[in-house]
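Below are structures written as structure tokens.
In the two complexes below, subunit A is the common chain; its partner is subunit B in one and subunit C in the other.
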Partner chain A sequence: MSAYLGQIYAIVWKDLLLELRTRERVVAMGAFAVLSAVLFNYSIDRTAVRPQDIGAGLIWMTIVFGGLLGVGRTFHLESEDGAFRGVLMSPVPKDAIFLGKTLSNFVLLYVVSLLIVAVFMLFFGMEIGTSPAVLGLVLALGTLGFVALGTLFAAVSSGTRMGETLLPILLFPVLLPMIVAGAGATERLLAGRPVSEVVGNIRMLAAFVLMAVAAGAVLFRFVVED
Partner chain B sequence: MSGVGVARAPASESPESATAAPALEARGIVREYGPVTAVAGIDISLQRGEFLTVFGPNGAGKSTLLGLLSGALRPTRGDVFVNGTRLDFGGVDWRHDVGVLSHQGFLYAQLTVEENLRFYGRLYGLRDLDRRIPERLADVNLGDRSNSFVGQLSHGMRQRLALARALLHDPDVVLLDEPYTGLDPSAAAVLRGVLTGLKDGRRTVVMVTHNLGEGIALATQLAIQVRGHFAWKGSREDVDVADFERLYHRVVEGRA
Partner chain C sequence: MTGKGIRSTGTALALLGLVGMLLVYWLSFFWVSTDRLQGVSQRIFYIHVPAAWTCFLAFGIAALTSGMYLWLRDERLDRAAVCAAEGGMVFGTIMLTTGPLWGAIAWNTYWNWEPRLILTLLLWFIFLGYFMVRGSTENPEKGKRFAAVVAIVGALDIPLIHLSVIWFPQFLHPQPVVVKPEGPTLDGDMLTVLLTSLAVFTTLFFGLFLLRYALETLRAEVRARERAATA
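Right, the complex of A and B next:
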């Protein structure tokens, strides 16, 4: 088991080190988040719509679209010099590769999702609510579910000519339950409603995460093997 | 977690025969890409310490053959065995026994030389990387470049680093795909020294190359692959080295 965890750690370490060196995904996602918030800020008539009524939905849309920029490039650096083939030919179970890449994607997207919430609060003048830790948990579950399926589908689409077009077409339909539960919980938490009102949403998100991670771990080998 | 999923070759079910199992064996392996047959039924049986060099024209299926022997490609038909263990794509344990130097180096340009080796060392579960990495780098004359980014290395240096990566886990079976491609004479000399060191009686090597001189010098077995199959196969001792180029052309042109 420790060898298995060591292999997952190796992949997370390598992915985060590469991102630290290149910054190509975090910068793209972060810039998208800030620009989206600015555009939403100017495109909404605040005399007609209260920002807190639509803020949660906009936050989750920005997470999903911004996350797509990062997750979609999961296998970009791997393709240079055939590096991913080297990983596949090493004695690492394919599910460990999947879990490692999902975890590294999660770290990146979670940081960006916290940035997105902060930027929207700044531009829309929203309050963080009375349960910031629970909001953090909702965002964590949502981003984990997103990157689990995103990593799986990025592996599918990376081997095709229409990769970047194909990814959202594959991914968006299956994200629907996660977005409904995540946006609903976020809206209530930002409105300062009690945590008991979002317990159902959190359970739904947790179930989605379990299903997404399990499905990804099982199916990944069929996607990447010859 | 993936299961180990190994299966033993029928010939090596008893402990006695297991010790005599070839280090690398291919039984009638075929690889088809739709209507195209890249490898058309090749048999290989190499004992520990043997060095097979495979020559052949472009498009003969040599790289596909190495892909099949390394487990990177799944054969359409036939089986490959490493130390008596059939390559099972669900399993991973047999991959500890195989090292591959491909056309591509499997290296990350944005990581340093040492970081690349440390990454692969962790994937192979190696625990003594602080000792092993400097040793392997010294073997390929890159001891002073451990902190250099791979993207800043010359092609020859990258090729040597890729060899260090392939040998980092001390594999029993080493597969080399055109290792001399693009190397200048001094880099080729370093590589020749490392490859000669592989003939330690413990490892089994298969090398694919167009370089007749280098390939013959290192080999104990020779084969010429044409249109997916071994059109000629023989022992290095049986070959007149001076006449091999003529033999090669005769075989490739179908006159032998």
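Right, the complex of A and C next:
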């Protein structure tokens, strides 16, 4: 068991170290988030609708689109010089590779999602609500479920001619539970509603994460086999 | 069953289904009594509901055979999956076009964010992804595996999608009138037409499915012979 965790850790560490040195994906996703918030500001009529009222939805759509940007490139760097073949040939089970990739993507997207929330607070004068820790948990579950399916489908789409164009078509239909439960919980938490109102949403998000991680871990080997 | 047996069974079932379809149309236009509240527009029910049932059946078969394909790697399972998925797309499209037509009259709107509508629409798109993945890989073996993965994730996600969409309190869609604990509440002649139509749609689907399967088998054979000839 500890050997297995060590293998996952090795993959996570390798990916995060690469990201730390290039900073490509986090900078791209972060810049995307801030610029989206700027455009959102001008895309809504602020005399008709208050940004706070639709803030939760905008936050989650920004996470989805920004996440797509980062997750789609999961296998991009390693596709050069056959580096990913090396990863696959290493004596690490395929599901450990998947879990490692998912965790490193999760760390990146979670940081970005916190940034997105902070940017929306700042730009639109939104309040954080009374339970920021629960909001953090909701964001963590949502982004974890997203990157699990995102990593699996990124492996699929990067093996096709269409590449990243295919990713949203595969990913969006299955993301609905995450958006419904995540945006719903965020909206209530930002409005300062009690935590008891979002317990159902958190359960739904947890079920989604469980399904996404388990499905990815089991199915990943069929995607990367040669 | 031999290739020829599959073909002739498919032809027989498809012909039976097509003739049955004429009967369904005749029954639903001329025989069954008109709905007291909804009037003539309710007659689309006899096409819409069987199409929905067939679509779910077909996608269910596609997801099941996809899973078995990844496990057993039998080409026939993949062929069955793609043929069932095509049937699901066809009947799903029928459901998604007849629904709004009826809705335009009954609800005064073509579209409504109702759980069953959005579930079906997403299912349709999941299988659109299934075909796009299949069609855009250099290596067909890879495409088969990728498509199976898409179908399985879709099948696993459907219960969650269903649970999360029913949270939205919009229930314009009519509630079940046949399958419910206290028994059907549909009038006798309407139930007869509906059950006839269900049988006809299912027969037609399996007929088309077998024909498609036979075609896919022939294509595989042609490819194998081409390879043998060039080798």
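Heads up, the rule we're going with is that the second predicted complex is superposed on the first by the 226 of 226 C-alpha atoms of A that agree within 3 Å, B and C clash if a C-alpha of one lies under 4 Å from a C-alpha of the other, contacts with A are read in each partner's own complex, and residues count from 1 in each chain.
Basically, contacts are C-beta pairs under 8 Å (C-beta built on N, C-alpha and C of every residue); 3 or more make two chains touch, one makes a residue touch a chain.
Bear in mind that the values here come from a model prediction, so they are computed numbers and not experimental data.
Using the contact criterion defined above for the overlaid structures, shared-chain residue A:158 touches neither subunit B nor subunit C, since it reaches no partner.
Judged by the touch definition given at the top, the superposed model places A:3 against subunit B, while subunit C stays out of reach.
When the shared chain is aligned, subunit B comes close enough to touch A:14, but subunit C does not.
Shared-chain residue A:225: touches subunit B and subunit C both.
In the superposed pair of complexes, A:104 makes contact with neither subunit B nor subunit C. Contact with subunit B, but none with subunit C, is seen for A:22 once the two complexes are overlaid on the shared chain.
In the superposed model, A:131 lies in contact with neither subunit B nor subunit C.
According to the touch criterion, the shared surface of subunit A, contacted by subunit B in one complex and subunit C in the other, consists of residues 225.
Those residues of subunit C that touch subunit A in the complex are listed here as 70, 118, 122-123, 125-126, 128-129, 132-133, 136-138, 142-143, 145-146, 148-150, 152-154, 156-157, 160-161, 163-165, 167-168. Remark: subunit B residues 1-2, 70-74, 89-90, 92-96, 98, 100, 102-111, 115, 119-120, 122-125, 165 touch subunit A in the complex. Residues 3-4, 6-7, 9-11, 13-14, 17-18, 21-22, 77, 80-83, 85-96, 221, 225-226 of subunit A are the ones that touch subunit B when the two sit in their complex.
Of all residues in subunit A, only 149, 152-153, 156-157, 159-162, 166, 169-170, 172-174, 176-177, 180-181, 184, 200, 204, 207-208, 211, 215, 219, 222-223, 225 touch subunit C in the complex they form.
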